[in-house]
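As structure tokens, the structure follows; a few thoughts come after it.
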């Protein structure tokens, strides 16, 4: 595995610099686009990594996977009364579908759906407790107590998240947000600002590749059925309106974040984290996606 | 395998009669809703089946899988200039997305996309030749020369396909249909009227489970990469705007038809055909889908 | 009046050549863009005109006003069960609204609505009779037996009207077209190809300015209420998704055609026909609209 | 005039009680649905009224007419860079069009457009000053210093206006709102809570019927051109997605409010205010609209 990821890393280093780093908040715009990291955590508990694998980045929308897992643990399939399980066919921050469908987001990985998931996590807790629980969960599955929220990014998001504020208020009008919008957004922006390096991220996602079990502990996080279902959602919805193309080219469940991070699951094999900050037109990591496609191809990882 | 499919068959027989047989053309409405057939073709060339497994039905939209395979063989990835690879987020016969996106259908499994695929097959051939080639292809992969088109159903569709006629003319206006609409529809309605029983259908789809190879011949139909990619499209788009939910619950690439047929692919294991004519609200087989879900669950077939 | 229209004509002649003549059918593309005609028919029966006022052009969508009037005479307010009375907020040939609203077009002046109106006119008659009745009606209100259909344009439209064919088939699927699509389109394209010069067109529309009465006969064509209501529809819907802006700038009920013709109604005063073939981005006569705006402003004709 | 409005009042009193009072905020739900008032202010300065003509109600969306007039006075036609002039074809609080058209509302009478107008009024002023200016303007044109904001209704709206909050944040994301959302909404909800009786409202709107001049003063509020243009906007957009039907049936520029108020303009004749709190399905006064239609018909007021 180590030679393979190093070969892929080497192949794509020359292309670094292409694409465009997200600049809708100043903190993200500061990141050097010439970064590339690849890490693979395998089912036997080993972690392979290369490139800028010790540099932390905020995981942004990848956090939606962990928040969903935690919320399903809290309310079970009742969650699906408030969020759908279908690809939306529209951009990640679109509001159109919400108006057509009475405030029920199509899936938990578009922003609207993630806000409802966060709203569910808030039930019975203060915002500080909620983000604490989520952080604790991520540390637990990653087996790493050093993972933390980047407070500067969290604050920066809070100041610019007009579209998310619109989505939350819109759903509140339909009764599909139950807490004050400021509280929901506060938790949401902090969950997006959870910072990890690629080794940590690969380890954090590994339970989805191992039928819900933790390689480093003798216990399961979720049932095998639930792990598979989360993977199914990642495959059909994890790359927003680029999910079909990603399934076609890469063939793995995955979730992307606007910071250039990618988490992909290879069932029964392991989990992969890739990071490269410059984005393609769809807002996903340009080089990261290409590197992941090559890695999956060379390793023969397609689930199809 | 045989005891398993018989157990599933037995479990769902009591529910036959629920749902509603498609009645938009008289020929489909005549079918007895109390039908249930299950067939599994495994990678080693065996076929297991039970229930009404010798009764032929028209495969309808399942034919889109075979037409796509043939068209990719003909024009390769140039096909994707005229059809997308994303879930549409809208019903199978919706025209809205076409207007927003200049006549380029989102994927080859919604009706608009399938019409473009058929239009591609027509290039350089007469309609009669085109449907002949498609039929020949299906016979070849199924290893069964007796498969034929049901002419009564084909004619009945021709008389009622107003929506498909609208879709084709609409795309013609954007230059994304190249042949006369009557010719395209003629071939399309005949491909939908290809009739098979479940054993034939399972065998016809098997090459998608075996990396593109034919179990009964020493040759490949398509490359492994292409087979995987067709499977990926079936997973994200094969059940129209129910694809996300189907992936969540069943976890297999599949394609449904309005006659109540279902084809599902279990990579490296085999292919499954299920048939039960009464439909759920999404227009897919009600009991067939439930039986397939149970079968996949008991066999542990999820790709996730 | 004569000096006024001549002054406006003179003012805009220097701008002729700007804009773009419709070229979706070859026959329209042949027209010299350096044409400008203005005619005013006043309630007392006089007609004033200037410029290329003796040159006939096909009235295209302006024919929708006469077809609607005739259809209302035939079925009365039952017509509104099949067509709405609201601005669509979308382009003249959009199909999106039809899918959202079950095949009921928003108003009789978008293409879909006009096709339903034509379908109504066909009830009980052959296409040839139907177009004959419409032509007879236009000749009657214009008091001019020489008005005729341009058969070359009619044929040319028939060969290129894919979008209209899509609209008609789409509505047929919803049961809102009752005759064969070919027949409906045949009549529709012939009604669009009715050719008049500006003097004839102004005279033909005059009954809408005179409470439904004919200046040249001692009789009414429609009731005052109906004339007012047709004017209301022209104001809110007559310029498609430019109707609001036209009302804002010109302040008169009007209907435009893709050949560069315009018919405007000044209640209790008279009717105005303007023609200049080169179009603006919305597909309405560029110089014709500007000349009409100036004329209305100088004459103080706004209904507001 | 007095006998006419009394006759219309008498005719519709028996129907009071039908329809449904707005209940999205508690304060509006408290109003007795058995109310009906009609007032007509004529160009000569007289005011006729009947029914509950001395009972004040909050004018809600009718305030958009006065806010637009004031904003046009402030920034002139620059306003149209940020708001369109077309009917939207969608409900008054729809957000879909904003996403399709980059945060530019279709017209100043849907909620999104009105929020931009309010945002314009805020430029250079504090919220308290802004609402003060608007109130002063309404008092000036109505010639009545007693008109005031209903603070209880204003507060109640503030607590429930999630949809408006979503619209404002959404436009802020596109840069089409320049002030803090809380400030814009604060002013907006206060302008909606301006309370008048029908006599006051008819007088306040009269300048739009008199070419922008004030009957009670020797001066103009706006130019004749601007008055006409505001009337044109009221006709095409004043009743949201019921504007076409209202123009068809009543034939007058008008603006409705969710409290059951209606303001209609009869150019060169006068202005009409009607109030009856119970609403039809479109959210406009049920009996008020019918009474206005009858009054316009009997008085022969249609502008068409």
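The chains carry the letters A, B, C and D, assigned in the order they are written, with residues numbered from 1 in each.
We adopt the following convention: a residue touches a chain if its C-beta (ideal position, glycine included) is under 8 Å from a C-beta of that chain, and two chains touch if they have at least 3 such contacts.
None of the values given here were measured: they were computed from a predicted structure.
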Exercise. Going by C-alpha centroids, which chain is farthest from chain B? Tell me that one.
Key: D
Practice problem: Would you mind reporting the rotation angle for the C-alpha fit of chain A onto chain B, rounded to the nearest 5 degrees? | Solution: 180
Practice problem: Measure off the straight-line distance from the CA centroid of chain A to the CA centroid of chain B, and report it in whole Å. | Solution: 33
Quiz item: Between chain A and chain D, what's the gap in Å when you average each chain's C-alpha atoms?
Solution: 47
Quiz item: What whole-Å value do you get for the distance between chain B and chain D if each is reduced to the mean of its CA atoms?
Solution: 55
Practice problem: Any chance you could list the residues of chain C touching two or more other chains? | Solution: none
Quiz item: Tell me, which pairs of chains are in touch?
Solution: A-B, A-D, B-C, C-D
Quiz item: Can you list the chain D residues touching chain C in their complex?
Solution: 84-90, 97, 106-107, 227-229, 231-233, 235-237, 241-245, 247-249, 251, 253, 267, 302-304
Quiz item: Residues of chain D touching chain A in their complex?
Solution: 94-96, 99-100, 162-163, 165-170, 172-173, 181
